[in-house]
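Two complexes, one shared chain (chain A), two partners (chain B, chain C).
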Partner chain A sequence: MEFKEKLLSSHLAFEEDLDLNDSVHKTRASALKVFEDKGFPSKKEEAWKYTSLEALIQKDYALFPKSDSSIEVNDVKKYFLYDTDTYKVIFIDGVYSPFLSNTTHDGLDVCLMSAALSKPKYRKLIDTYFNKIAPEDDSMTALNTSYAKEGAYIYIPKSVVAEKPIEIIHFSSGNENALWLQPRNLIVVDENSQAQIIERHQSLKEHPVVTNCVTEIYVHQNAFLDYYKLQNDLPSASLIDGTFIVQEKNSHASVHTFSLGGKLIRNNLRYFHKGENVMSTLKGVTILHKKQHVDHATLVHHSQPNCESHQDYKGIFGERSEGVFNGQILVDKIAQKTNAFQQNNNILLDDKATVNTKPQLEIFADDVKCSHGCTIGQLDEEALFYLRSRGIPKKEAKALLTYAFANNVLESVQLPSLKKRINGQIAKKLGVNLGFDL
Partner chain B sequence: MAYTEEELKKELETKEYEYGFYTDIDSDTFPSGLNKDIVKAISKKKGEPEWMTDWRLKAFESWSEMTEPEWANVNYKKPDLQAISYYSAPKSKPKYDSLDQVDPELLKTFEKLGISIEEQKKLSGVAVDIVMDSVSVATTFKKTLAEKGIIFCSISEAIKEHPELVKKYIGSVIPPKDNYYAGLNSAVFTDGSFCYIPKGVRCPMELSTYFRINQAGTGQFERTLVIADQGSYVSYLEGCTAPSRDENQLHAAVVELIALDDAEIKYSTVQNWFPGDKEGKGGVFNFVTKRGICHERSKISWTQVETGSAVTWKYPSCILKGNNSVGEFYSIAVTNNYQQADTGTKMIHLGKNTRSTIISKGISAGKSQNSYRGLVQVGARAKNARNFSQCDSLLMGNECGAHTFPYIEAKNNSAQIEHEATTSKIGEDQIFYCNQRGIDTEKAIALIVNGFSKEVLNKLPMEFAVEAQKLLEISLEGSVG
Partner chain C sequence: MLTIENLHAEVDGKAILKGIDLDVKAGEIHAIMGPNGSGKSTLSSLIAGNEDYEVTKGEMLLKGKNLAELDAEERAHEGIFLSFQYPVEIPGVSVTNFIKTAINANRKAQGLEDMPASELLKKIREKAKLLDIDSKFLSRSLNEGFSGGEKKRNEIFQMAMLEPSLSILDETDSGLDIDALKIVANGVNKLKSKNNATIVITHYQRLLDYIVPDFVHVLFDGKIVKSGTKELAHELEAKGYDWIKELASHGI
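And then the complex of A and B:
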């Protein structure tokens, strides 16, 4: 049986077990219909031109893992931001782990999507926010919506600053042969509020895992959201991520994506502006080796005047890895005085590495400043020589230069402990000890 | 009295297409529609050998299986290909040796366009192979060229007289199966230009062709084949103007360039077909396939100034097959009113040490949409490939759009690729700076636009640069709000 058929036929049984309100049931049914009609995206679609899911969907994945997988704190502690006190929402094989988590309802809600979807007190919120910005015609998003059950639900009320960063971690234990996960997160940052969120998907054993994750984020007036995606999974794990952000007046939302590991990663990141003076930041560092594949598909839709967006993606590709960048900036007629910048720089370290990049500008307003720049190249021979002539070995010199290349993305990381860790991971990835911390 | 912007706007809106007139010449037109018999009839009418007829029929067959492409960022009502007549030739046909014999009506048309043959012949030293409704009616300077061994004639003539060259190269760069419109063209092309530069010859003058679409309801299917043999050089000019007509006309040309080892081809185009009136009615559909192949150490350079056509769909490309070959693309695309342009280039790096440069300038005004779509592809064996691309867009007025769709694919780690694009409007500070120095707004805008497109204008041969600048003026004057 093909995997698509399995997804379609399992849905009925899945749906019957759930106690949800009617509108959510309806949303799920229509989403499944979209997936049924469209199926998995193929390379013939423009948006998936450079990324093929063909090989991934050949396997038979378990959709409903056994819920008894338990793991020891010590096994997973290293994946936490342990030296900082944080709120944690932790899932093992798609199931909430109260033992590892640290949730709260005190002043702000850091809790579960399953609770939000079923409990009457959240009904109004779900009606306002659930599946309102996730694109309806995208088949992977529709698939997630139709199976949406669990994930993180975070609500920061008006004028509240979340004092601790929030970690959302999805573990896969490796108890199943092959696992297909579909977490669904909802994040609402209300007026004048502030939050820092770290999201991570991690498998604990080498086994085929595909995570089809969707996150909807609402950033209200004057609010500030700082979001970090850490993608440093084992080589057997794949991730298809959809993050959709709505921003109201005077808000600032920034998303940093660090793609350092995994088999295939596709990041769909979309921003929609609903008010003036909005600031959007999208940054990413991608360092790949082996046969890894990372695809960043970004969209910033400027539909209001006086807004600003900054994109900066750096890619370092070694061995047989493949990098894709597909950045789209859309400026509507009414979005005058828009400033939109996009930068994509890539370094190819080895012969067989590939980069495909497609920075797109679609502009309908005249009083705008929009630019994009894109480069593909190598490490500067002269700079390398300079370092080597001062006694720095070739490997370290290369690492230093690569590190410098990625550095301006790291600079804007606001959490010192996170910055330090990413720094360490990059150094590890490059196989050297840099001998200094940042 | 100061000339206000409002007045200018009005003047521009009411400005009719300057070159919109209709030449009254009897022409010999086929019934409309397209099927195997029409293809055969065209071939027979042109007195083509059998291999050519077969080639056309094969192209027709593969075309029948293709569908019209829809990926371009343009909206238009698809032309009904069965309602088009596929052959139309001016009736007063015999070839002329001198200009006196040319139908005076025709000569008047050219004069109106400002390209009087006499003048060109005497002053500019340009040999003009004028294509009017698909059949070339005048070829000048043929003798001078013949002395050097250069063949410059209509493609139908070349099929008859130089079948070995045509047979070898036609469809070698753009096979009939390449795309929908190239397939259509391969089946039904009626005429076009053929040029062959022998080994080591530097063509002493700029070769040029003028295309015009004249007869109502005739699609024009030109086929151009330029072959530069080893170590030769040629600069080829192509210019187009078409009379104003309400119904949409289709133009699906194919241009193939072959630069053999050490050869250089410079291909320049000024396109000013009827863009439709200010309501967006009428205008030419320009769906052109242009591609060149570069062998070892050769160079192909495309320069284009696109100001006309209701819909433009055109990507002059270079296949850099030979080592150390060079591809260049310089373009200015201007759209106004309801015009739509989706244009750009493809640079396919296959050989080692290949280099390419892309400079594209898009200017949109009125309610027009202007897109740059380009591909830079570096193959796994293309060591040390180098590309630089720059796409700038200038927006005038708040109802137009400018779009960039660059595709960059690198499969080799020694590749160095740079791409940058900007979109902006003419800065108030820039205009203020000029105003301050006593330059009125209108002149300031002309100055800025001129500066904006200078990089590309500079690449045009002298004769064309003047005309191109004039065209820019016509298309843009006063369209700034």
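And then the complex of A and C:
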């Protein structure tokens, strides 16, 4: 049986213990219909021209893994920001782990999507926010929606600053031969509130796992959301991510994506503006080797006047790795005084590495400042010689230049312990023992 | 210190150096002068280990070691320092962290532990003062947006920090106003000892008023066509390079 058929036929079993009379069921059912009609995206579609899921979907993935409680804190501690006190919403093979988590309802909600979707007290919020911005016609998003049940639910009420960062971590244990996960997160940062969130997907053993994740984010008036995606998974793990953000006036939403490991990663990151004076920040560092593949597809839809967006993605590609950047900026006629900037700079370390980068600006307003720039190059030989002439060995000199290349993205990471962690991961990725703290 | 014998070199198949002989002893300052395109910068790049140039004949020995067998970083570990004519801008790496990385890389090559932070800071403060460098400057990205004078001062600052045995100053005076020139020259003079040697590469005599050479060599068309003492520099200043070209064309 094809995997698509399995997804369709397993849906009955999935909904067996769910309430079929509520609106969420209807949402799931119509999403399943979209997936049934469209199927998995193919390379014929413009948006998937450079990223093929064909090989991934040949496997027979388990959809309902057995829950696993054998994982100890010590097995997974290294994936936490252990030197910082955080709220944690932790899942193992898609199942919530109360033992590893640290949730709260004290002044803010850091808890579970399954609870939010099923308990009456969340009904109003779910009706307001659930599946309101996730694009209905996108087949991978629709697939996620049709199986939406578990994930993180975060609600920061008005005028609350979440005093601890929130970690959302999805582990896969490796107990299943092959595993397909579909986490669904909902994050609402209400007026005048602030939150910092770190999301990661991590396999504990090498085994085929595909995570088709969707996160909907609402950032209300004067609110600030600082979001970090750490993508440093094992070479057997793939991630298809859809993150959709709505911003109201005077809000700032910032997403940093660090793609350092994994087999195939597709990041669909879309911003929608619902008020003036919005600031949207999208930054990323991608460092790949072997045959890894990362595709960043961004969209910033400027539909209000006086808003700003800043995109800065750096990519470093070694061996046979492949990078894709497709950055779309839409500026509606009404969105005068828009400032929209986009940068995508890439370095190819080896002949076999490839990058496809495509800025896509569609501007219908006439009083705007928009710019984009993409570059693909190599490490500067002259700079390399300069460093080596000071006694810095070639490998370290290359690492230093690579690091420096990505530095302006790292600089804007607000959490010191996270910055230190990413620095360490980058040094490891570059195969050097340099205490980067430039 | 440095012995160069019958050095021939080319870049992209074009001969640039056509038989250089040079002997630099510890404690000496040598000036290499010559018109543009005579091969001065090629020579300095070659000594420092730039792989863009290919040695086709002859050899270079540093304290008896054949430089052909050493990479650029290994030459630095052996005590060679090149002050670049055009220092490279490296955004994202601060001057301080760059110098820390360089010093510790050199120490590692010598089998030493990293320099303790306190010692490093003390040394940075001391050498920055010598070159009249502001501490704010040290936290800026390496050479990024530096003025010509700042770049050159930063080069000599690195030299002061790394304490090389052979320093090559490639057109260090270009882009410097007279005040900056004095600061740089003063720095170089203070760093001079009987154990190290300096090669000053320059187009103009001006710098040699402040860094007084023991020997002056004139490079033309890939060969040293004349050597002498500091008076030769004055002669060049007065007469220009035409008479040298004349000398060379007569095969002298």
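Following the convention adopted for this analysis, the second predicted complex is superposed on the first by the 430 of 438 C-alpha atoms of A that agree within 3 Å, B and C clash if a C-alpha of one lies under 4 Å from a C-alpha of the other, contacts with A are read in each partner's own complex, and residues count from 1 in each chain.
Everything that follows uses one rule, which is that a residue touches a chain if its C-beta (ideal position, glycine included) is under 8 Å from a C-beta of that chain, and two chains touch if they have at least 3 such contacts.
Please read all numbers here as calculations on a predicted model, not as lab measurements.
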(Q) One more residue to check, A:373. First (chain B), second (chain C), both or neither? (A) first
**Q.** Which superposed partner A:362 touches (first chain B, second chain C, both, neither)
**A.** first
Q: Based on the superposed arrangement, let me know which partner A:204 touches: chain B (first), chain C (second), both, or neither?
A: neither
Q: Once the structures are superposed on A, label A:350 by its partner contacts, choosing first (chain B), second (chain C), both or neither.
A: first
Q) Which holds for A:162: it touches chain B only (first), chain C only (second), both, or neither? A) neither
Q: Check the residue A:46 against both partner chains and state whether it touches chain B (first), chain C (second), both, or neither.
A: first
(Q) Contact-wise, after the overlay, does A:260 reach chain B, chain C, both or neither (first, second, both, neither)? (A) neither
Q | Comparison of chain B and chain C by chain A residues contacted | A | B
Q. In the superposed arrangement, which partner chain does A:333 touch: chain B (first), chain C (second), both, or neither?
A. first
**Q.** On chain A, the residue positions that both chain B and chain C contact, one per complex
**A.** none
Q: Name, in rising order, each residue of chain B that touches chain A in their complex.
A: 71, 380, 393, 395-425
Q) Can you list the residues on chain A that touch chain B in the complex? A) 46, 333, 336, 346, 348-378
Q. Contact residues on chain C for chain A in the complex?
A. 48-52, 71-73, 75-77, 80-82, 84, 87-88, 90-94, 97-98, 101-102, 105-106, 109, 158, 162
**Q.** Complex interface listing, chain A residues touching chain C
**A.** 380-383, 385-394, 396-397, 400-401, 403-408, 434, 437-438
